[in-house]
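In what follows, chain A forms one complex with chain B and a second complex with chain C.
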Partner chain A sequence: MFSFIVRRIVSGVVALFVVSSLTFFLLYFSATSVARNILGESATQAQVHQKEIELGLDQPLVGRYLHWLGGVLHGDFGVSWFTSRSVVGSIFDRLPVTLSLVLVTIAIVAIVATLVGVAAAVRRGWIDRLLQIVSIAGSAIPQFVIAIIVVTIFAIKLHWLPATGYVPLGGNPGGWAVSLVLPVVALAISAVASTAQQVRSATINVLSKDYVRTLRSRGLAPREILFRHVLRGAAPAGMTVLSLQFIVMLGGVVVIEQIFALPGMGFLALQSTIQGDMPVLMGVVVYIVLIVVIVNLLVDLAVGWLNPKARVS
Partner chain B sequence: MSEPTIKTENAMDADALAGAGVTAEPARPGVLRRLVGNPLGLIALIILAIVVVSGIIGPWVAPFDPNHASLADALKGPGGAHLLGTDSAGRDVFSRLLVGARSTLIAAALAAAVALVVGVPSGLIAGFFGGWFDSIASWCTNVLMSLPAIIILLAASAALGHSVWVSMTIFGVLISTGFFRLTRTSVQAVRSELYVDAARVAGLSNTSIIGKHILFVVRAPLIIQTSMVCGIAISIQATLEFLGLGDVLVPTWGVMLNEGFINIYTSPILAVWPGIAISLTIGAFVVLGNALRDALEDTPKAAKKRAAAGPSRVSLLDDDETRGVALVKSNHLLEVNGLGVGYPQPSGRVKTVVTDVSLHLDRGEVLGIVGESGSGKTQTAFSILGLLPDEAVITGGSIVFDGTPLVSSSGGRLSQGRLAALRGKRIAYIPQEPMSNLDPNFTIGYQLVRPLVKVLGLSKADARARALELLGIVGITNPQRTFDAYPHEVSGGMAQRVLIAGAVSCNPDLLIADEPTTALDVTVQAEVLDLLRDLQDRFTMGVVLVTHNFGVVADLCDRVVVMQNGRLVESGDVRSILRDPRDAYTKTLLGAMLEGKTPMTMLTAGPDPLDDEMRMKASI
Partner chain C sequence: MKLRPRVALAAIVTTAALVLTGCSAGGSDGSTNTGKTATGGTLTIGTLVDVKSFDPAQSHIGHYLQFDQPVYDSLLRRKPDGTLIPMLAKKWSYNADKTVLTLNLRDDVTFTDGTKLDADAVKVNLDRFRTGNGPDASTLAQIESVDAKDATTVVITLKAPDPALLDYLGNADGFIASPKAIDGGKIDTAPVGSGPYTLDASATVAGSTYTFVKNPKYWDPSLQVYDKIVLKPILDTTAMLNALLSGQVNAALLTAKTEAQAKSGGFTEYRYPTDWQGLLIFDRDGKMVPALANVKVRQAINYAIDKKTLLKQVGQGLGTVTNQVFGPTTAAYDKSLDNSYPYDPAKAKKLLAEAGYSDGFSVSMPTVSGFFDPALTAGIGQNLADVGITVNWVNVAGADFISGMVQGKFAMSWFSLFQGSPWVAANQIITPNATYNPFHTTDPKVESMVDTIQKGSEADQAKAAKQLNDYVTAQAWFAPFYRPDQIFFTDKNTTTTPQAQQAIPSIYSYAPKK
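Take a look at the complex of A and B:
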């Protein structure tokens, strides 16, 4: 188990290093006219040149990369080219918004998808057919279209909930919850459908195992078999699906935060992409990949812990 | 067994697909006809055909220049010269919709092509040759799969510009992981198949083996996956365009949705048309993928799926009770009369696997049910236990256990609900395959104790003591160690002893043993048979022993019934059947068993096609 953890951590660190390095060279290699963009059309050639020196654009790429990497290892991602704010500062301002959104959504997805998926596997019938239809619709309608539909109905037509904006958790938990309802719903719909599908297959798979029949032959109540043995058997598959959904959601927040005007990581990512603010974009990429690596590691650990073969040895 | 009904677009479906893909039959002539015969598949094809035609001829047939702005005409409603109205710049919505199909198609085709070109060859090489390439490619796949696609596409568009060609090439690489895993898993599964070995022995080069045999196997799941990938790619590209990261000069559905969203308070209808267009197109790809799956894959599997959806199941959550059941007079512990078991087929026909089986068993008696695979002997045993698969139905007959009818007619259907109250109390079961019949996630002790507590009402401490005692009774030398062990920590013979201990823990009147020794080593077989005989004496149980082995029958049974093709062909006491089998099939079975040994009887089977078949099976 210990060597398994070490291997996973090393693999995660290597992945983080490779992805961030590739992204760095991709972004900075192409960042040629950025000084002109920052200063505007009216700036003189000399001013532009001065700015390029200021940003270090005259240095060779490899040298800038090593400088960046050295900073990152000390937790310093540099400053924004446009606002001169510290990248880490901007990210930490926005991380709570995105994490609130994603964690609340993933919790809801986990609960609802498990209930629906297990019910569809055990009862079949209408709930199963409904799940099939919703999951086809959920994969057919792009997430941002779902978000637009949700906003139009619940915010614009019915005025039940605010269309945009974010209230921090600290001062006003009620306002925080209300501000998150529509984004969470928009983010959760297709995730619930596809996760429930996977939970359903995993449950059916375990239900067809020989040991379930043998447990039934021992006279155990169906409920006992379902909740103790079948769910336990389907749990690793369910957790793996959730970790994949989590990754998809980290991408999904870009469009959701845009539509609901939430000042989160996705908003920051899009803004820095459109401006060409490479230090900020690099910081966002590294932090997002870091979050993914940590989540994958936690899920691997949980799945390994659930598996007696891995746990004992 | 893989469950073939996953219908989402997720990249992780690749594994499920791969599982199904291995058993999928390659495309046969008539696949197209089956696809068109499926109403959903036909609708999907029609929608896609419309999109393709619009994408090709759209720019020529569009009534207006899609980029022609005219502020005088801004935000007109549908009708008049502008079929679907105009947007905030006065551009014709219908024309932009028509022309937008092209960019949608480019996105789908480009991403799918890149994903296929990257994923399939690398999957073939990794799966076929393994080694360092496999390790590196698999690692890269895991990394790519753990990247949020949108974030990577944002970075790419910041670096390389806002173009569908850039974004969909990169997205193609990201999503090639699905194709890679699909191909690799399928190749690994078929690589060691006999026919691939045969091709190698016949001197075919690796390239032609891959080309002729392996690509043939993976092409069905690849086609299905491609359809799904097209749908996802369209969604992703539209998302980028919606975010303002598309080519501003090209009218696309994503840009139109952005336009609609900006005007959502004044003119929400603008978002409706591209929203419908894009959802219908992606939905068509998803539905087409599912329809292709149904058309390409094993029909029996699909049939089973449909049959399972039927209402005739003996559900896991049946909560029938025993109260108020009229006792039926019967002189035997177990009496089966005219039993029939069938499986409903998609055609509506019921495929019968057990027909008109009658047998009986008395207390303290051992009855053997003998037959080859598929003779219906296990189905008969499971009917007595009420543990038939969900999709099976009892088509007729009756089963009476100690005066209680176990199969009865309710609402025109035969139900087995009453068994729930008898299983684990008076009727017990020993399965064939020991390892797969213990839940790998719980200790052996837990699996023994839990029914004692829940079903028999013992206290925890008593149940624990009883479980340890039972482990001793079934001949396990260190009961405490086995009690604490997980199933994977014990041997097959030990696991079978554990299952026997579990079965007899309720002191049952009737024990159903389904080939209890088949999966065990020969020496362990003898021990387990001794144990069964011993326990049968000790508890004076009636035992139904399902087996294909006349040796086991001769060893343990008092009486025997012989089954073939779901019917009884002969029954009687063991001695007379061994000495003087009347039915030709019984003779064949005896002959097959006695081959190479000194015959116990004077009779050996003559040349018989079935005999040859069994010989052939034995030699494989």
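Take a look at the complex of A and C:
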């Protein structure tokens, strides 16, 4: 198990290094006139040139990269070119918003998809058919359409929930939960639909295994077979799908953050990309990759713990 | 049924760990009033931008003023119609040749950190603004020096007269922060001014909610209409509409596309122009596209564009068709110039033939995905193609659009530009060194008129501005389409007055509806 963990950590660090380096070089080649954008349209060419020197944009690519990497290794991601705020400070302002949104959604998806998927696999019949229909509908409707529908009904018509904005968890958990309801619903519906399908398939697959038949023939109660043996066999597939959903959500949450005016990481990434705010964008990339690596590691560990064969592979 | 511990843990691996992590991911800021409509004492405004910095040296005109006005007083104040009235400066006067401006300050103003306002504080702020790297620093480029003559007298010496200086001092340039707080180094996130409100950090969430509470020792309580002002950055226009319709904000700037829904929802609408949209014909000397050197070609472009149809299709008809670049709130404006070049493709073809371009010509123009309405580029391209001019659209990154134009990479471009005072507009698009005159084209007549606008008496300035407008319109230096309306809404509890030459009303112009 120890070498399994070490292998996973090493591959995570390599992924982090490769992705962040590639991003840095790609940004260099798509470089925008950032100094002009910072100083405004009325700045003179001399002022723009001075700003470029100040930002180190006159330095060669490799020198800039090593300077950035050296800072990151010491925990210094620099400051935003546009706001002069520390990159880490900006990210830590935004990270709780995105993590709240994505983790609450994943938790709800995990619970609902497991219940629905297992019920459909065990009971089949109308529940299963309903799941098929709802899954297709849920996967087909884009998240932003769901977002607009729920905002129109619950915020604009009924005034039950806020249409926009975020309330921090600290000091006002109730406000935090209320501010997340609509964005989480918008994110969760399609994720529940596809995850429930995967859980259903995995459960059916395990239910058809020989050892389950043997357990049945030994007279074990169906509930005991399901909870003790079948769920354990089906869990790795469910967790893998959830980890993929988590990664997709981290990337796709920008649309939901925009519709609900949530000051999250997606929005920060979008803004810094449009402006060409390289220190912020690089900081966002590193943190997002780090989160993805950690989640993948946790899922791998859980799967390896549940299924010893996975540790070997 | 009893579960073995490992199995029980497995069942919650996909949920509990993630949920627990989520629960610990909250921020440390205090509560906000999300979802709450104003109840007399609170004004909540949706803003289309988020503040970049509270440092007054980084202040910027337009939308960003909303974040500075609650906390900072400015030297002068602009009334909604643009008239300048005293604020921190009680009086001001120029010398005869308008190169020395003397400001007399109030002596009863204290910053919220207890520091007293004096001429030294004003000097510190103006010097920081003009020598810093803020977006509007270049607007004070004409200042030679700022001197504190005595505790309440500031003398500003100019290199040359600047007719827009007083206006600037009532705008982003004139905000005065406590010098002690500036020295403290945290002014960008913790503003300390002498304004009617102070930023309540405990009720502020960066990027989402900025709460300002009354400054109890403020010297002019008439500017403290509300107990509390909350600014909510909502950068998506649909989200802004939803926030207004659901009662989260009392006031919001919407767009032509979201106007109808707010209007049908019973909100009060304010429509006013601040910009013009159309073509900037940069290459008037024909360095890149020789045809553009001919005035008949430039006039043909003006006749070729179906401005009414474009306004209807792109701006939902909310605006006014025009052929002049100067706005109705300026001395240069001449209503008759709004219809100098009615849509007339036959006349456009005739002018092109007279100029020797009966077979037309090609021109490249920039476009930005997501910023240019497809109906706009299709309309412009079709209108010009109808008279023989082929447009090659060059897709550029949003961040490169302006720099591409000001560096002279394009002979022509569509753009939306602010309509400031004649002097501001001249320096923006007309003078040889204007930002949007990348080929530095000029002629003696224009230079003479601009000189009068800069140095003449008020009456002469107004006359020269009108002449300049008439001249550049006749010479077709530009091909304006229309002035799109800014579309602002307030709810039933709130009223406001739009601010001349500004996209949004000033903070001082809101009040509860009686």
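In the analysis below, the second predicted complex is superposed on the first by the 306 of 313 C-alpha atoms of A that agree within 3 Å, B and C clash if a C-alpha of one lies under 4 Å from a C-alpha of the other, contacts with A are read in each partner's own complex, and residues count from 1 in each chain.
In the analysis below, contacts are C-beta pairs under 8 Å (C-beta built on N, C-alpha and C of every residue); 3 or more make two chains touch, one makes a residue touch a chain.
Note that this is a predicted model, so its numbers are computed, not measured.
On the superposed chain A, the positions of chain B and chain C overlap enough to count as a clash. Residue contacts after overlaying the shared chain place A:R232 against chain B and chain C alike. Of the two partner chains, chain B is the only one touched by A:I141; chain C is not.
Shared-chain residue A:V254: touches chain B; no touch with chain C. Residue contacts after overlaying the shared chain place A:N37 against chain C, while chain B stays out of touching range.
In the overlay built on the shared chain, the residue A:G75 is in contact with neither chain B nor chain C. When the two structures are aligned on the shared chain, A:P60 is found in touch with neither chain B nor chain C. In the superposition on chain A, A:V167 makes contact with chain C only, not with chain B. Look at A:I274: by the touch rule set out above, it reaches both chain B and chain C. In the superposition on chain A, contact of A:Q47 is made with chain C only, not with chain B. After the shared chain A is superposed, the part of chain C among 75-83, 129-137, 201-209 or 309-317 that runs into chain B is 309-317, by C-alpha clashes.
Shared interface residues of chain A (contacting chain B in one complex, chain C in the other): 30, 148, 151-152, 156, 221, 223-224, 232, 258-259, 274, 276, 306. By the touch criterion given at the top, residues 1-3, 5-12, 16, 139, 142-143, 145-152, 154-160, 231, 235, 238-239, 242-245, 257, 260-261, 264-265, 268, 271, 275, 278-280, 282-283, 286-287, 290, 308-309, 311, 313, 315-319, 385, 387, 389, 420, 422-425, 427-429, 431, 433, 436-442, 447, 450-451, 454-455, 486, 488-489, 499, 502-503, 506 of chain B touch chain A in their complex. Interface of chain C with chain A (complex): residues 1, 3-4, 7, 10-11, 13-15, 17-19, 21-23, 25-32, 34-35, 50, 52-53, 60, 133, 135-139, 188-189, 205-209, 232-236, 238-240, 242-243, 245-248, 397-400, 402-404, 406-407, 427-428, 435-436.
For chain A in complex with chain B, the touching residues are 11, 15, 18-19, 23, 26-27, 29-31, 122-125, 128, 132, 135-145, 148-149, 151-152, 156, 193-194, 197-198, 200-201, 204-205, 207-211, 213-226, 229, 232-233, 240-241, 244, 247-252, 254-255, 258-259, 269-270, 272-274, 276, 278, 281, 284-285, 288-289, 292-293, 296, 306-309, 312. The residues of chain A lying in touch with chain C in their complex are 30, 32-34, 36-44, 47, 51, 54, 82-85, 93-97, 99-100, 103-104, 106-107, 110-111, 114, 148, 151-152, 155-156, 159, 161-173, 175-176, 178-179, 221, 223-224, 227-228, 231-232, 235, 238-239, 242, 246, 258-263, 267, 274-276, 298, 302, 305-306.
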